[in-house]
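Input: structures, listed below.
In what comes next, chain A is part of two complexes: it sits with chain B in the first one and with chain C in the second one.
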Partner chain A sequence: MLSALRKKIGRDTLTFYLLIAPWIGMFIFLNVFPMGYGFYLSLTKFDGITPPRFIGIKNYLKLTADYRFINSIINTLKFTALNVMASLVVSFLIAVLLNRNLRGRGLLRSIFFLPYAIPVIATVFIWKTLLNRESGILNIFINFIMPKFSANFLVDLPVFSLISMFIWQSGGSMIIFLAGLQNIPKELIEAAQIDGAHEWYILRKITLPLMSPVILYQIVVGIMLSFGIIVQPILLTSSPGAAFTAFLNQQPPFQNFFTIIYAFQQCFTNQNFGYGMAIVWVMFITMVLITFLFMRVIRGLIYYEYD
Partner chain B sequence: MSYNGMTASRWSSTIIYVVLAITAVLFLLPLFWFVLCSLKTQQEMVALPPVFFPKISQFRNYLEALTKIEYFRYLKNTLILSLMYTIPGLFSASIFGYAFARFHVKGKNFLFTIVLILLMIPPVSVMIPEYAFFARLGLVGSYSIWLLWGIGGNPLYIYLFRQFFSYFPPELEEAAILDGCSRLGVLFRIFVPLSKPIYVTVFLLSFLWVYGDFMGPVIFLSGQNTTLPVAMATGYVIRNGILLVSVLLAGIVIYIIPILIIFAFGQKYYIRGLLSSSGLKG
Partner chain C sequence: MLLEKRFWILSLTILSILVLLLTTVISAKTTITLMRDAAEMPDEVVKKFEELNPDIEVNIVENDFTKLMTMIAGGTPPDIFRINGIGLPYWVRKGLVVDITPYLEKTIDMNDLFLVNNLFRFDGKKQGEGPYYGLVKDWSLDYMYWYNKNALDEAGIAYPSDDTPLSFQDFTDMINKCVVYKDQKVERYGFGYTDDEFNGYFLALLASKEKWLFTEDGKKLNIEDPDVHYLFKWWFDEAKEHHAMHNPLDPAPDWDGPLFQAGRVAIQWDGYWFGPIINEGGQIPPDRFGFAPAPLYGEKRVNATGGGTGYVIYKGAKNFDAVWKYYEYYMLKDEAIERAKSGWGLPAFKSLLKYCPQETEFDKYRLAQVQKELPNQITLQFVPYLRDSALVSVYNQQMEPALKGIMDFEDALKNLAEQINSIIESESE
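== the complex of A and B ==
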């Protein structure tokens, strides 16, 4: 049978599909089926125990009037914009400063890159010890200038707390920017320098335009990563006291309450799977739309060497 | 003019040095403070005004971190889970990457677009519906989920292998095929021996992903089956819900030491992973 098939569709095609078949199968099993089942559940009322009861699009209608959902979307978009901008500006500036002959450049690069490698549970508790009221080093430093000052930044400035942590971890984009900067032809910069161009002028007129594909790529990746941020706001900025509650029951402050957290808590804390799945699906469609929009935009800007 | 230019550039390079040095200190400070806090007593952690250095370094925090929860059991769980994901994942991602890189057949671009879309979707948003689906199949709580994820091939690793295999010249495989080598033989006899760096890169990325992951175990595992990060985040508590902060910090310090060692010696693999996923050549 195989040899007949091989004659019909060609040897290469057959080998390719044989090699890729496990991927197709697993893609269907791990992505298509769960998402499809999730969509079915979003049309039902389901507590995870009694069988799901079909209710049509009621969950989606309920979403349009749910102020917690709408606020969570606004919060997510606000946070995404701020987070992507802040992380990219800082990592770009560091990359520009590092992109020259400096003694100790390798060591400096490693220092800026290191936080990127640290796993989420560690970064969250590192940041807690930096910013809280009792043991936070930021309070100690401010006390040098204002002795009476005392604040719990995690509660008073939750968005700042979260974004400062992601800036600390932005070493990955710094590395990508640095590689992008090194791909800029040296002759271009040298020619501009001979013409007497100022460093700031070179940055604006040569470096930034040539780096635009890299910057755009980083923006897209940053947006997608921001949509999936769930552990950090919950563990970092909720439970201000010393008393500890389970991860599922921790409530981040209003500003850090994102859509994915709402979906997660509807499913796992409130056992409200139907509603939770509706939230996941709305989020999912938003993400795919954004991806497609950006792919459209960048297609003309990125140069591929092969294929 | 040129003299002025010289001094100006020397001045600016000094300023750049100072700025970079201060920023570097700021980047290291959190880690330093973290280790310092792991040596404090519970009282010193909540003292007002805050204390900078611990009076006596509490190395017993580290001992307590290892004994308060079953540290080594959870560490073992984490390592088993990482390997269950990484080893089949390495195998299948390289085969899929090879297929996407070296075949020119109908339907390939469509399938690869799906890989690219999956690459953009945050894993958590798929995990939530996956939970409902796996619960239906009775898979929740079992490590086989990680095995399945591994076999399915992470889109990032498929992409990295595809990038790497794309750079080999076509003559290499043409010659082998003329000598009677099969397409799969080309991968295992010719490409794999030449691809050690990408295998090491993906192995590290994949292993460290599971080692550091928090949401996967939170959603799919429970009780004594869970991994070290989750066990630490919930385990260092005394009866009335008081968190043993400095013991927790000590536990996390032990947990990240292997990562720091891997980073110190394998930084180039992190960089390779980042750069080829962004389409840049280092």
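== the complex of A and C ==
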């Protein structure tokens, strides 16, 4: 059979498909099938215990009148916009600086990358130590200048607390930007410098256009990751005592109440898996639409060296 | 020649696989899956059981509710798992747990069980009656409270009586007077409580007025009742004034134990089980802590267990005999004595009370205080349409904007009730 197939489609083509077959299999098994099953569950009432009961699009209709869902989408969109912009701007600028011929730049690159390697839970606890009102290092530093100052950053500025944590961990983005910067032909930069162009002009007219595909990739990945953030918003303001009970009881501040958190709570707090899956699917479609629209809008600004 | 070589290699491979499978089948042990909390059931306890029962292997899964629900939804639930007794009706209604009454009757003297085990009884309508679906592993009367004598001295408050409960208003005044602010920060909180789940506090307080948190049919949160409304407002106001911990305005930097030991919390609204935390020797010696009876909200003096942590057996457990052996071993036999000796809670059995630690004056005192409260014990009742922790989760979500002044309390309470009622309605369809 194999030899007949080889004769029909060619040896190289067959080899290609055989080599990628395991990935395709895993993709179908680990992505397509769960997504399909999730969509099926979104059309049912399912508590995770009794068999799912088909109810059609009732879950989706319920979402349109669910103010908690609508608020969570707004919060998610706001956070995504701020987080992607802030993290990428900072990581890009750091990458530009570290692309120069600085003494000790290898060490600096490692230092900036290191927070990215720290596990999520450890990062959250570092940030809680930094920003809490009781014993937070930031409050202590500010107290040197303003002795009576006391701010609960985690509670009063939850979005700032969360985004600052992601900016601190933007070492991964920095590395990708750095790789892109190092692919920019040095001759172009040198030619511009010879012609008298200053740094800001070179950044705008050479670096940014040539980096535009990388920036686009980072933005798209940043959007996808921001939509999926669940652990950090909850744990950042959790009480250790309540860890005796479930992670489920923890609630982030309402400004950090994102759609994925709502979906998780619907599934595992309310045992309403069908409704939770509907939320996930609407969130997924929203994310795809935003990404698609964004790519359409800015495609004229993206410079591809090869079409 | 090549063909022959391939034949022998293939044959040997198949033979090896068959031998491996055969030996696996012959030496197969009975495997049971246990979801446990490592702090209360360490590996040594499980290993000891396996040594006593070499034909049984225990597969351990760490206690986690999300994991439990995922395992159940995926059709691979643990055979034994841990729940709070107060939430039992939900599990019974879902048909997930085994009625262990016939097995208990063969093994123990049922009259030896403390009343607290009624939390694990449910007849389909009323919690506290009907068959047993589990037992508590240990327990406390959770609505007694510990007080820091230094904190009360600084506030100029007389110590509460060891015998006569304070009224709820006096209890509130005491909490509020003990709060210490410094530079806009709370240096000492009025009260703390370990379990997030204030359901139990409300249920116990309302029981002293012979009222319930829910409407009579259990289908709605009874916020129209002035006493229920008062408690929600009280809890909210205490949090807003930073008097309580575990609230969205003041996420605690640590759990209550170290904070109470360090004098950061004046009153700790927890029961007997909290004693070892005090005993473990913080900076404040144990004799500087008192242990008072539950405050009185109504006319009737009551006390109860708010959680009643215990273990149940999954209804679809395959190797029930092996599962029951483990259950007996941990819940009914020597391990129950060990738990009583540890002092981390009262035993499920009256006959084991004598094993509770009484070496130090502090241990004698806390046990004596609890025994005085035993006649006031009642069984709290929850609804079968709601998981016991759902109310807390929804409360935290709905009340947070109100605590921050973005929403009115009444609107937030209405939203809370609507969401809870909606969950109950969805469950009861």
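Operating definition for what follows: the second predicted complex is superposed on the first by the 247 of 307 C-alpha atoms of A that agree within 3 Å, B and C clash if a C-alpha of one lies under 4 Å from a C-alpha of the other, contacts with A are read in each partner's own complex, and residues count from 1 in each chain.
Just so it is clear, contacts are C-beta pairs under 8 Å (C-beta built on N, C-alpha and C of every residue); 3 or more make two chains touch, one makes a residue touch a chain.
Keep in mind it's a predicted model, so treat the numbers as computed, not measured.
Student: See if chain A has more residues touched by chain B or by chain C, and give me that chain.
Tutor: Counting contacted residues of chain A, the larger count belongs to B.
Student: Considering only touches as defined above, state whether A:F144 meets chain B (first), chain C (second), both or neither.
Tutor: neither
Student: Where does A:F227 make contact in the superposed view: on chain B (first), on chain C (second), on both, or on neither?
Tutor: After superposing on A, A:F227 lies in contact with chain B but is clear of chain C.
Student: Just chain B (first), just chain C (second), both, or neither: which does A:V155 touch?
Tutor: second
Student: Have a look at where A:W200 lands relative to chain B and chain C in the superposition and call it first, second, both or neither.
Tutor: neither
Student: For A:Q251 in the superposed arrangement: first (chain B), second (chain C), both or neither?
Tutor: Once the two structures are laid over each other on A, A:Q251 reaches chain C alone.
Student: Which of the two partners, first being chain B and second being chain C, lies in contact with A:F268: first, second, both, or neither?
Tutor: A:F268 contacts both chain B and chain C.
Student: Shared contact residues on chain A, chain B side and chain C side combined as an intersection?
Tutor: Common interface on chain A, chain B vs chain C: 48, 133-135, 150, 242-247, 267-268, 273.
Student: Mind pulling up the chain A residues that touch chain C in the complex?
Tutor: Interface residues on the chain A side: 45, 47-50, 68, 128, 132-135, 147-150, 152, 154-155, 237-251, 253-254, 257, 265, 267-273.
Student: Which stretch or stretches of chain C touch chain A in the complex?
Tutor: 64-66, 69-70, 72-73, 94-96, 183-185, 192, 194-197, 245-246, 248-256, 387, 389-390, 392-394, 396-397, 400-401, 404, 406, 423, 426-427
Student: Over in the complex, which chain A residues touch chain B? Could you list them?
Tutor: 10, 12-13, 15-17, 19-20, 22-24, 26-27, 29-31, 33-35, 37-38, 41, 48, 94, 97-98, 100, 102, 108, 110-122, 125-127, 129-130, 133-137, 139-140, 143, 150, 168, 172, 175-176, 179-180, 183, 199, 214, 217-218, 220-221, 224-225, 227-228, 230-231, 235, 242-247, 260, 263-264, 267-268, 273, 276-277, 280, 283-284, 287-288, 291, 302, 304, 306-307
Student: Where on chain B is chain A touching in the complex?
Tutor: So the residues of chain B in touch with chain A come to 12-13, 16-17, 19-20, 23-24, 27-31, 33-34, 37, 40, 44-50, 52, 92, 95-96, 98-100, 103-108, 111, 114, 117-118, 120-126, 128-136, 148-149, 151-153, 158, 166, 183-184, 208, 211-215, 218-219, 229-230, 232-234, 237, 240-243, 245, 248-249, 252, 255-256, 259-260, 262-263, 267, 270-271, 274-275, 278-282.
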